[in-house]
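Following are the structures in question.
The two complexes that follow have chain A in common; it is paired with chain B in the first and with chain C in the second.
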Partner chain A sequence: MSDIGITMLGSSGSGKTCYMLAMYAVMSTGIRGFTFTTQDPDDDLDLADDWERLEVNGTWPDPTTQSKDWLFDCSYGFKKIKGFKWHDYRGGALTDRSKPDDRKVLLQKFKNSSCIILCISGEVLVDGRPRVPKEVRQFNTLMTQFRKETGKTVPVVIVVTKSDLCKDIKKGVEVIKENMLSTLFTQGSGWLTMICPVSLGTGSQDNFEVYPENVHLPVTFAIFHALQKDINDTLSAIKANKRQVMNKQFEVNQLGNSLFKAWWNKGDIADEQYAIESLQQSTGLKEADCRTLQRNLELLKNELLGDNLYMYHDGRRFAL
Partner chain B sequence: MKIVMLGHSGVGKTTYMASMYGLLQSSINGFSLGTEYSSDHERLIKNFYSIKRGSYPNLTAQRSEYKFELLYNDESVFPFHWVDYRGGAIGERSSSSEQARILKEDLLNANGVIVFCDCPTLESGNIRTSGIQRLINLLSVKLREVSHSIPIAVILTKADMVSNLGEHAIKVIEPLLETIRASDNIIGTVMPIACGKEMTNVEIPLLFNLYVGINLDLHETSQHIEQHMKEAEHYRDKSNFFDWVESRFSGVPTWGDLADGKINEAMSKYYKLQELEPAAESLGQYLEGLPIIGGGEN
Partner chain C sequence: MLPQFAPLVFSRTIDVDFRFLAIPEDFSYADMEWAQKYILSTLLSSYELEQNPRWSLFSNSKYHIRGLSCRASHLSERNTKDKFGRGLYLFVGYVAKNTMYIPMQPHVFQPLYQFVHDKWKDDTKDARKFIKKGYEIPIDNNFQKSNEQFKFEANIENNRVLVHSTRKNQALWNFFSQFPHPSSLCLNILSQKDAKEGIFFNVSTVDYRGENPLEISRVPVNYQEKSEKTQTKKAQTEKPMKPQSEVPIIKKVINRFFGSKPPKKVPQAENRKNQSENEHKSPRWGGKDAGLEQPKKETKKETQVEAGIKKEQVIDKDEPTPPFGGRYID
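Presenting the complex of A and B:
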């Protein structure tokens, strides 16, 4: 099963890098058997160092000046469920006309993503009067363009970072839906969206207590939907295998439908039967894969049950 | 079989290795250990006696690989490789540290892992300083694509230095154990050990790994035998007079010859099976009652 691409968008200072560090800090140790690990162990050391500086010294990471792709695996019981490529880019790349290459690369990654995560700082949702960052305004346009150019929709997670600063999150959700990103919540739009408040902790910049909350849920949502797709693909492959087996069984019957033919074609019949066995073995393995995928899906689903998550499809709220 | 010890600097990997080797110079339930090189034997025995006197080996400076063999009733039944390395390598980047790069390769090729966590550090209750996260990362890199069963023994070293492992210590190690429990191909166990004047549980992590390794070997051998017999049957089905004639003219073996070849392969594997089974049974009896975690227990 192939890895998925996740692009995180958001204005400079919205907390994209901090979110990724917190997510990794929590998930690299794991929750209920689930872990996220870097595919390159060296990246693990870099992320751990950055997180340690934040957690121990209270040193916030510098604004990202270079874009980078991080490769992670989501695993259950150390067994890889899904790999995902996380594109951490320079905040402001979308709107900075002085560096058109950055914007071009970002848009390309955006189009090839299996899930888009948009960071909106809880700070802009304070007092019920939204200050809509430039990147967020652009986002509506981007999603429409995405739909037009690719002909598809992908799951979108709107991460409300610094949610501890937003006093009324329910009001904040309404602001996002009605004022900021209405494109994603229009009936008939086909978008699958989740609004997820996350927090790194509480306190002021100088006196901050690190206590990450919900940081693993956005990626969990992305992987959940990727697994659903994998299950559908596997079921199609099983169906194709079974069709092939039926065809070969018919051929075997044709080859051996008389005593003489059965003797004359003994070798070919043995070959076809061997091929049928191999196909049946392959089907068995795919069925086992499917069961594993379904089991993993159920496990991930348990993480996504909760009133603090706002999931919408085609503009209508739903729960898993 | 290749067994790799995984643990940070100073947790007691080298001490453990010398202790388990020294202890298994005397037969335990018929089992003992040998090594290919007498120089390794001398060094390990020297370290063992120092540990018994309360004097512990220095931190390991370099990686070493040992060729050990498990002896049952003085007969060699199961050779295995054992890797010891500088614990600091765990926290180094493989892009800049040769030892880190080799450690990563060793882990990828390992058939058994012994994970070391030391009790005094666990007692601090701090997940970050315990280094558990790094151990989980390295295990994940190793196990993410592995579908076969693999033994992992989590040992809590220096157990004699703490009176009781409290809740905060369990909280530190719990994510690792939870992940092992969630696995359907890890056969895991966890236990405290102590190496010193009194040796506690020292031989068990090794014997556990070897027990699983031997049983996996037996299982794989049985499967190969079955596969060879199936192939032999398939070749027999294709064998006929025309095949014999073709073979006489072209010089290629007949399907019947190929079938015989497969049967011979099956028989030689069967004899190997017969040699290992008594040792496996005896080890199983010795380890009965050992708590197992992980889906591999099925």
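Presenting the complex of A and C:
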């Protein structure tokens, strides 16, 4: 099964880079047997260095000048479950007017993504009357365009970064649902959404204690959905194969339903039987793949269990 | 008369992201794109700019640019942090129509920070508009020109990068400042990896101490492509199904009278199947296994899951089922 694409975006200063660093720092050492590793060893060194500067020296990462793709593998017990391409979108790109192609490029990225991660800083959810960041408005416009052009939905994870700054997270979730991205939570819209508060730790910028929380969940959700889709596709292929086998079996029976016909059609019957055997072999392989996928899915599911996650489908909250 | 230059400034301000703040009056959109690629290359591994500001020099048939990429604090004492408290870094440069020599001294570039000050608090829709300036900034050329004169091989091929030691910075700067053809040089790049990722043809890197220039081939390693290639190779090793339509008629006739040999099984596929079946027999996660040929209970789970996905794709259904076999909780 091919790797998936995950596009992360958010306003400048919303904490995208920090979030990615924390996610990698936590997941490179692993949680309950799950690990994320970079496909390029040099990327691993870069991310580890940046994290060390943050954790040890308290140096926050610089603002980013350009978007970048990172290639990761999600593994269980060091055995690859799924690879993913993490597209880290430069903060200001959403509102950039100087490059007219930027939005087109971003929309194309959306189309190639299995999941979109939107970072919203917990700071903007603090007040009773929230300030909707310009980039969130832009995101709404882009999603409208995405739906119009593709007719599809794509799983969206809204990562609430700096969630320690938002005292009442339940209220924060409501603000996102009601005031910021209500379209994603409308009944009958078909969107699959997760709101995931994450935190790197607590304290002020100068005196910060690093203690990452929930940082692995958004990607787990994305991979979980991708595996589910793979299973669905594989099951469809198995069904199609089995239907073809049945049809061919019927043809074989028709070709050889008398002694003379069996002799006369001997060659065709052999060809059909060859095709049946090939199809059965292919079905066997697909069934084996499906079993592996289901096993991986069960493993990931454990990370997403419980009623404390904010997962929504079609505007309604659900739990696994 | 003092030589005159146009400014080229690429920076962010307190509230607005990176963009050009000042460009020469005759710069087109294509020229900005061209310059931006070089500028972004000078800003890789930005944290290292604190210790090692980068000097760059790049030219095409129209423009010659000399620039400095550094932390804002190197050029100014105020307006150096954004609203999140992050220290800023930027590119400031001078543009001319001909080759020129500008000394590698930060104070020469300091006046260009005025363009950052001017736009510092602008968060209106005009914040992203850049200022166009003519070739009107005079630079005093009564500086002590360094006597370090060496001859270097100027690399002008984009499939390789020549890496020098930072000890030769001044000599490289002098040599390339006078180099009349389109070329590019960036000094004090952090590592050979950054040099490879960037687009400069000639560089000096902090991590290279050799006497002679090191040649690095610039063939990008595309890991995604590599993994796709492996998958394609794997797929090719699996024996494809024999297409019925491609069986020649003469063979069909021979088959009809003399029969055809039964097809051989594909050994690799067989191994994979067996291996997978063995794995399936010994579940390693609490005895559960959601295999296809499992007892009723597991098969039920599968259909639920499948149904979940199907429902997910249907949008206007009255009673949607939660995905992944989950349950609604509100």
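Structure notes:
Assume the second predicted complex is superposed on the first by the 275 of 320 C-alpha atoms of A that agree within 3 Å, B and C clash if a C-alpha of one lies under 4 Å from a C-alpha of the other, contacts with A are read in each partner's own complex, and residues count from 1 in each chain.
By our rule, contacts are C-beta pairs under 8 Å (C-beta built on N, C-alpha and C of every residue); 3 or more make two chains touch, one makes a residue touch a chain.
Just so we're clear, the structure is a prediction, and the values are computed from it rather than from any experiment.
Once the complexes are laid over each other on chain A, chain B and chain C both fit without any clash.
Contacts of A:82 after superposition on the shared chain: neither chain B nor chain C is touched. By the touch criterion defined above, A:13 reaches chain C but does not reach chain B. When the shared chain is aligned, chain B comes close enough to touch A:32, but chain C does not.
Once the two complexes are overlaid on the shared chain, A:42 sits against chain B and chain C alike. Contact with chain C, but none with chain B, is seen for A:3 once the two complexes are overlaid on the shared chain. Touch criterion met: A:317 reaches chain C, while chain B stays clear of it.
Of the two partner chains, neither chain B nor chain C is touched by A:177. Set against each other, chain B and chain C differ in how many residues of chain A they touch, and the higher count belongs to C. For the superposed model, the angle subtended at the Cα centre of chain A by chain B and chain C works out to 80 degrees in steps of 10.
Annotation: superposed on chain A, chain B and chain C show a minimal Cα-Cα gap of 5 Å.
Taken together, the two complexes place residues 39, 42, 266-267, 270, 274 of chain A in contact with chain B and also with chain C.
Contacts from chain C toward chain A in the complex involve residues 12, 16-20, 32, 40, 43, 46-47, 82-89, 125, 128, 130, 193, 221, 223-224, 227-228, 231, 239, 241-242, 244, 247, 251-257, 259-260, 262-263, 265-266, 269-270, 272-273, 276-277, 279-280, 283, 285, 288-293, 302, 305-306, 308-310, 312-316, 320, 322-330.
Listing the residues of chain A that touch chain C in their complex gives 2-3, 12-13, 39-40, 42, 50, 53, 59-63, 65-66, 71, 83, 85, 90-93, 95-98, 153, 188-190, 192, 205, 224-225, 228-229, 231-232, 235, 238, 264-268, 270-271, 273-275, 277-279, 281-282, 284-285, 287-288, 290-292, 294-295, 297-299, 301, 307, 311, 313-314, 316-320.
The part of chain B that touches chain A in the complex is made up of residues 91-95, 100, 104, 127-128, 132-134, 136-141, 143-146, 175, 178-186, 234, 237-238, 240, 294-295.
Across the complex, chain B is touched by residues 28-35, 37-39, 41-42, 44-45, 48, 52, 55-56, 73, 75-80, 266-267, 270, 274 of chain A.
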